[in-house]
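Worksheet for the structure shown next.
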Amino acid sequence: MGTLELDGVTKVFPDGDGEIVAVDDVDIEMRDGEFLVVVGPSGCGKSTTLRMVAGLETISSGEIRLAGETINDVKPQHRDIAMVFQSYALYPHMTVQGNMAFGLEESTDLSDAEIEERVTDAAGTMGISELLDRKPSDLSGGQRQRVALGRAIVRDPEVFLMDEPLSNLDAKLRSEMRTELQRLQDELDVTTMYVTHDQTEAMTMGDRIAILNAGELQQVATPLECYHEPANRFVAGFIGDPSMNFFDVRRDGETLVGSVFDYPLSASTLDDVGDATDLTLGVRPEDISLAGDATGEYTFSTVVEVVEPMGDENTVYLRFEDAPEGETFIATVGGLQQVAAGDEITIEIPEETIHLFDGNSGEAVHNREIDE
Amino acid sequence: MTRNTDTGDDSGDAVTDGGVTEDASESGFSPIAALNDRFGSDFVESSQFWLPPFLLVGLFVYGAIIWNFLISLTDFSGFGNPNYGDLDLEMYTRALAESGFVDAAVNTFILLVGFTLVTLGLGLGLAILVDRNIRFENTFRTIYLLPMSLSFVVTAQFWAWMFNFNNGVINIVISSLGLGRVDWLGNPDIVLWAVMFALMWQFAGYAMVVYLAGLRAIPSEHYEAAKVDGASTVRMYWRVIIPQLKGSTISASVVLMVFALKAFDFLYSLVGGYRPPNGADILATKMVREAYANLNWAYASAIAIALFLMTLGIVGPYLYYQYNRGNL
Amino acid sequence: MSDDARTDGGTVSETSAGASDGALSGVDGYRVLLYLGLLGMLAFFLIPIESGLVTSFKTSSGVTGSLPFAPPTGGTFTLGKWQAAFDALGRGLVNSALYAIPATVISALLGSFAAYGITQSDWKPKYKAPILALFVAGIFIPYQAVLVPLSQFWSMVPIEESLGFLWSLGINDDYVGIVELIVTHVAYGLPICTVLFRSYYKNMSGEMIEAARLDGASIRRIYRRIVLPLSGPMFAVVLIYQFTQIWNDLLFTLVLVQTESSAAAPIVLILAGLGTSLEGQDFALRMAGAFIAALPTLAVYIAFGEEFAEGVAT
Amino acid sequence: SGGGDGGDGGDGGDGGSGGTLEVLHAWTGGDGATAAEALVEAFEEEYPDIEHEFNPIGGGGNQNLDAVVANRLQNNEPPSAFAGWPGPNLQRYEGVLGDVGSVWEEEGFEDVMVQEAVDLHQQNGAYRAVPLGSHRLNCLFYNTSVVEDAGVDPDSLTSVSALIDALETVQSETDAIPMTHGASGTWTTTQLFSSTMLGQEGYEAYMNFLDGSPDEEAVRATFESLAEILGNYINEDASSIGLTESNQNIIEGNAAFIHQGNWAAGAYRNAEDFNYDEDWGFKTYPGSEGMYMLHFDSFLYPSDNPSPGVTDQFMAFVGSEAAQVAFNQYKGSIPTRTDIDMSEFGPYLQETQEDFASAEERPPNLQHGLGVPSETMTALNDVISSEFSGPYNVDAATEGFVDAVSN
Amino acid sequence: MGTLELDGVTKVFPDGDGEIVAVDDVDIEMRDGEFLVVVGPSGCGKSTTLRMVAGLETISSGEIRLAGETINDVKPQHRDIAMVFQSYALYPHMTVQGNMAFGLEESTDLSDAEIEERVTDAAGTMGISELLDRKPSDLSGGQRQRVALGRAIVRDPEVFLMDEPLSNLDAKLRSEMRTELQRLQDELDVTTMYVTHDQTEAMTMGDRIAILNAGELQQVATPLECYHEPANRFVAGFIGDPSMNFFDVRRDGETLVGSVFDYPLSASTLDDVGDATDLTLGVRPEDISLAGDATGEYTFSTVVEVVEPMGDENTVYLRFEDAPEGETFIATVGGLQQVAAGDEITIEIPEETIHLFDGNSGEAVHNREIDE
């Protein structure tokens, strides 16, 4: 079955005299049929990981197991894996039919008739039956994307690998194909490893997200877990747009002391913190709300520096009253709330919405409360 | 006035013209403005750049071809000047009736096709070898391309020596293998192939360079996709990579064929004279011989037109292909 | 980069092939075969040159008495052939340079003009296309198709008379052939120069040219201040390519200078007949001559291989 | 090759009335070059004040010279004089040759030149050229020791069939090449045809052939013999070597016989330890005994001459005893004047001279301009090239030859 | 002065045998110092419009007036206009100094000293004084962008034209430069025409937005007017992300009848509608709220098809109970609201938030209410 395990997988590239550790001791276990999205900033090793699974890159150390068997030394053409490339990599000189049949012709002994049947079926699934006689150059971006997927599914592999397959599409098509891909994966139920750097795709498509940074695995969890219960400061900052606001603070007894504000903590939160003193306070822009007056414990006086009206909401750049100019943080408020640059407004940062991270390791020590 | 001074004057004029143009087009009432209206806003002003070269080419290339055609319709031979009053196709009928012409045309065709095919084949092989992430890639590439920098005349010297009956490398090697010596350049049945081989030596590097560029334009994903799709290396090249080199093949073949049509320099130098070895006469050599050795000017012009038409047959479709791809 | 990645891919698969055979030698086997192929082809390309080189240092008895690719031994070694070849070709070197260099420079400049006028100025594409097509087709015209009119033309042009002052300076009037060669090579070199420059200018940022226009520069100023300074790399390519072409061409020299005994005979013309006179084929002399004639282009090639390859590949 | 001359010659310019004498010829190598030098020396001695430029134009036999001359004539830049063949060969220069009748008259050439020379140097009733020397073409040379080894007596070969038998004997008795042939140009084969035809079919048939009324059977028979010789008894590399290398086979003792004009003997004289009658021998081509197949080296006189005065002086010199002696003794040819003392010439040339004087017939050669006009010659060579350079197609060659000469 | 008027400006390109009308009868009036952003989908004619103003493209018909004078036939080098290109179009062989001086050298008679002074000034304004001796290849993307702007402002032109000047920058730099550009334009107060296809730029930067579609001008108005009071259905759909939901309806007396729902209209809205019967009802996703029960007039029962959790909010694809599968519309709800695919929920579409468009012409007949 299509379980895929990465066990201490590491990739080291030689780089002049030195070395680049592109992927560093990554462990991931995917159950059969799971849809895992791998995200991370550019150069963090996403593609390299995927390519090691495909066999296009040797594995420096560690082990990759497919359905329980180690495939480290199996040639790519003998792994039962299909890959969808960012550029689609359709063969420009073959028709759609030819593109889809190629893998079957090369890797199976099926008769021509059987191949044709499977291609027709897969084309039906992808809704590209009428395109079978066209060349890739005669297709639109979205159609090419479909063909690339069709070429992968026709082979009925154990595992799909996809490296930013939607990034060449325009925004509208991308969101269409996103939905389509999810539907397809539900239907086919094939283990899928999906690389992207697009937050929306990461949040919306996967059963789980694996977040990589500088070759190291940060967290593997469901999208909402990653959003609301980030394992560390990197994940918290990476997931979410606009991203979480961070303030470096010191714990002084029961209070967090920042450069220009104090923030008292409740007992339960203090429990989480333990005896760490250097901390980072995190709060998401949408959790900052406009308060009527500056009376509450968690209310602060701020000055509005810039307002970017987006229609449905305004992105507001705020500055604590005593903070130097330019040291801003972001809050999002409803699109119809009238806020203008220069206004002095009072905001509230409710305690149940804050995250706390260890100031040194960045590990999360306290995450926000979620009402189930 | 002579043509030469003409061209000289032209470039001079055009430059001064440019200055005039600018002023005139601003005033707006002038034939220049009308030209600009018709051909585009910079037509006149930019003509100072492209017109003199264009006239030079037009005169020397296209004017000459037309003139050549005219001469081919006369009976011009020997000394004196062509008589343009009496034009007919006699030279062409004479050519078709002459076995020497037909032989040369056939040889030209064989050389064209044979040379192009073997050179493309070897060039492709070289390109694939060089493209396999090898060490010293630059050195290999440089040496493979090196013969291309040599003159036909020089290459002819080398290969006259290589093919030498008694002391040439090739005969020494094959006779040391126990095979008999072959009279490469003397045997009319073989000589054309020997010439082809020498030309291949000179131009395989060219085909390699073109193919290498073609190979490098193919995204690495195509290699990887084919691998993941289950193809072996050989199958991958055969089914996925080589078919994508169509563009390279077309442009390389056109250039190679044109080289083959022009192999005059090589054949002339091989024997140091107008008559190439028996069996290796091509239209290019025959034309020059008829003109400059036999003074059959009109006849030579007719052969030149035949050669030109052959070139046109190759280049015309190529131009059309380039035009369709928006490269013109 | 992409290339690395790809070949890496290739290697990987071979590596794993070796690994699955359980022997490291499998890996090497593939590379060894690859390098054997590469070296075999190296030999193919170098042997004619090598055997020419060793032969050029042999005495006549050495030429017939030893293997063509074996180096000369003490007894059969001579520099005499090089000496003789140089004596014969020396003036040809000078003559060739006399027309090859000016013709190269002029055709490159004019080609750049033409390409600029066609590419970076704003007039209707439907009128540009035919002009461009004529330039492109001009590259492929076999010279034979223009040879007879060319001789007619040059015999009609009173160029020899109009250059009378040169001859009165004591320059041999054979050198009129050099002038004819310059003009002829410029005219026939123009198409390829134009097309090379055009492909370069086409890739030059159109927005940059537009920016210059908005900055107030005229078409001529734009060429002077923007396009010309940026054409350096392409000039290198074109100059090198044209120089080799012109230096190497025999046909025009044969028609315009005609004989190696002319004072203005270019080197290729002398070489074509060298060592094939009635006393027989002096291969050692021919080889030495070949090398002398090839030296300038070889030097250019070795120094500017990249530019040469680029010119060739276009 | 003497291109250096061109350089110094240049300073003269052509401002003057007398002008520079510019002479083009093709004697670029070996004995030809020596002879040309001797000629120049003699000229300088005789006319020390004439500025001159002797330009040798080598390559491809006379082909390159012919081409250069043709183009210069075509471009109206004729040289003062150029080396060439008289006879029908003059036809190609129709209209561009001047009249040197005055020279002939002043020097009294008509009285001292052999009659054939007087006849062949005229075109349209005027003298167009002056002869310098004459080669003989129906010659068979052999390497004495090789024929001795084979047990063949060359003097006994008086027919073409006898020659073929002798070749067969050489073939079976020795390792040597029976007959060496250098066919990288077609002219050697055409030339062999002419001698064979003369030897086998006789004077009449040969002259009829030249006159344009060939006997097809005679032509065929000649080609059959040629096919037998070329097909069986020549060197393997014949088609890629020229005369010089072929002749080398005689000198080195690799071959028994060679057919050539007597210029071939020039190489023997230059070779060390290779002496007439000891190491090499001469035999009139079998069957043509008593005949001297005629050849002339002449200087032709272009009209519109750039230096008419000095050219006349040069033409007078060419026909003079001094020039003919100086040139011919090195060239391996004999003077065309009948009044020359042959003592300065070697024994072989003296013999040749005697043969010439006593010849019953002096048929003009086919390949070197005296027999047919140059177009016909080109056509004949084309036939050889396409039909008779191995494989040897007798029928096609016969047809081609008959067509080519028939008018 | 820098007033710029486009009067019936049209551009027709020949296209094979036919014609492409790239810009169709566009009228825009810009007052001196105004910042106008031109937006529209790809290929709508934005660049063409700009290039006609610059003189890089001839005008097929209509008139462009700068400071009251027609400039149709003035060559680009003689219009007093500076343009900033998407690719910056810096001269690679000149230093920054040279790049900035070039325009002055070519178009004015200033002495070298004066030119140098002006370049130094402009470099100061752009904060690139230390870069003056560098070549463009030694600059970062943001620095190049600054130089391109510097090159434009040094000439002190009547009008700035900018064609997607920020699109080559990465997200972070882009938002920085966005602010900077606004500041600069405030400071210099030069009439500026700015082309972009980025919504954020359009909404946040301009005094007014001009929206083009297929060569035709749709609306010229302030950003918020465009968002809240779109002139027609195209503008309503184009501005805002996710975009407005549209439902085709028919007016039946006082009620709008859709395929699967009815929507009663109040009297004031009915006034706006007049006697049109074919209408399109539009509502923005953020205006759809979850209602407790399905009792109100404007509440509807729906089924959740897909939920895309974005962290701060969820994008919910809803379907009216009776609508066929796949016929969805979008609502955005708070990130912490628990909604799952398959849930049946009741939503409310308040009447004050709806837009109505003429079903045929697409003209807006009624826009939402805004409380000032």
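By written order: A, B, C, D and E. Residues from 1 in each chain.
Convention: a residue touches a chain if its C-beta (ideal position, glycine included) is under 8 Å from a C-beta of that chain, and two chains touch if they have at least 3 such contacts.
Just so we're clear, the structure is a prediction, and the values are computed from it rather than from any experiment.
Peer 1: What's the rotation angle, in degrees and to the nearest 5, for a C-alpha fit of subunit A onto subunit E?
Peer 2: 175
Peer 1: Tell me the chain pair with the top count of C-beta pairs in contact.
Peer 2: Here the largest contact count links B-C.
Peer 1: Centre to centre, by mean C-alpha position, how many angstrom separate subunit B and subunit D?
Peer 2: Their C-alpha centroids are separated by 40 Å.
Peer 1: Taking each chain's centre as the mean position of its Cα atoms, how many Å separate subunit A from subunit D?
Peer 2: Distance between chain centres: 94 Å.
Peer 1: Would you kindly tell me how far, in whole Å, the mean C-alpha position of subunit E lies from that of subunit A?
Peer 2: Centre separation, subunit A to subunit E: 29 Å.
Peer 1: Which whole number of Å gives the spacing of the CA centres of subunit A and subunit B?
Peer 2: For subunit A versus subunit B, the centre distance works out to 56 Å.
Peer 1: If I count partner chains per residue in subunit B, which residues reach a count of at least 2?
Peer 2: 41, 164, 166, 219, 224, 227, 271-272, 292
Peer 1: For subunit C, jot down the residues that touch at least 2 other chains.
Peer 2: Residues 8-9, 13, 122, 151, 218, 272-273, 276, 281 of subunit C each touch two or more of the other chains.
Peer 1: Can you pull out the residues of subunit E that are in contact with at least two other chains?
Peer 2: Only 75 qualify.
Peer 1: Along subunit A, where are the residues that touch subunit E in the complex?
Peer 2: Listed in rising order, the residues of subunit A that touch subunit E are 170, 179, 182, 199-200, 203-204, 223-224, 227-228, 239-241, 284-286, 306, 308-313, 332, 334-336, 370-372.
Peer 1: Quick one: in the complex, what on subunit A touches subunit B?
Peer 2: Listed in rising order, the residues are 51, 54-56, 75-79, 81-83, 85-87, 89, 91-94, 102-103, 106-108, 151, 155.
Peer 1: Could you list, by residue number, the parts of subunit C that touch subunit D in their complex?
Peer 2: My answer: residues 88, 91, 151, 154-155, 167-168, 170-174, 258-263, 265, 270, 272-273, 276-281.
Peer 1: Applying the document's contact rule, which stretches of subunit D touch subunit B when the two form their complex?
Peer 2: 59-61, 63-64, 66-67, 70-71, 73-74, 92-96, 183-186, 236-241, 374-375, 378, 382, 385-386, 389-390
Peer 1: Give every residue of subunit B touching subunit A within the complex, in rising order.
Peer 2: It is residues 219, 221-222, 224-232, 235, 239-240, 243-244, 246 of subunit B that touch subunit A.
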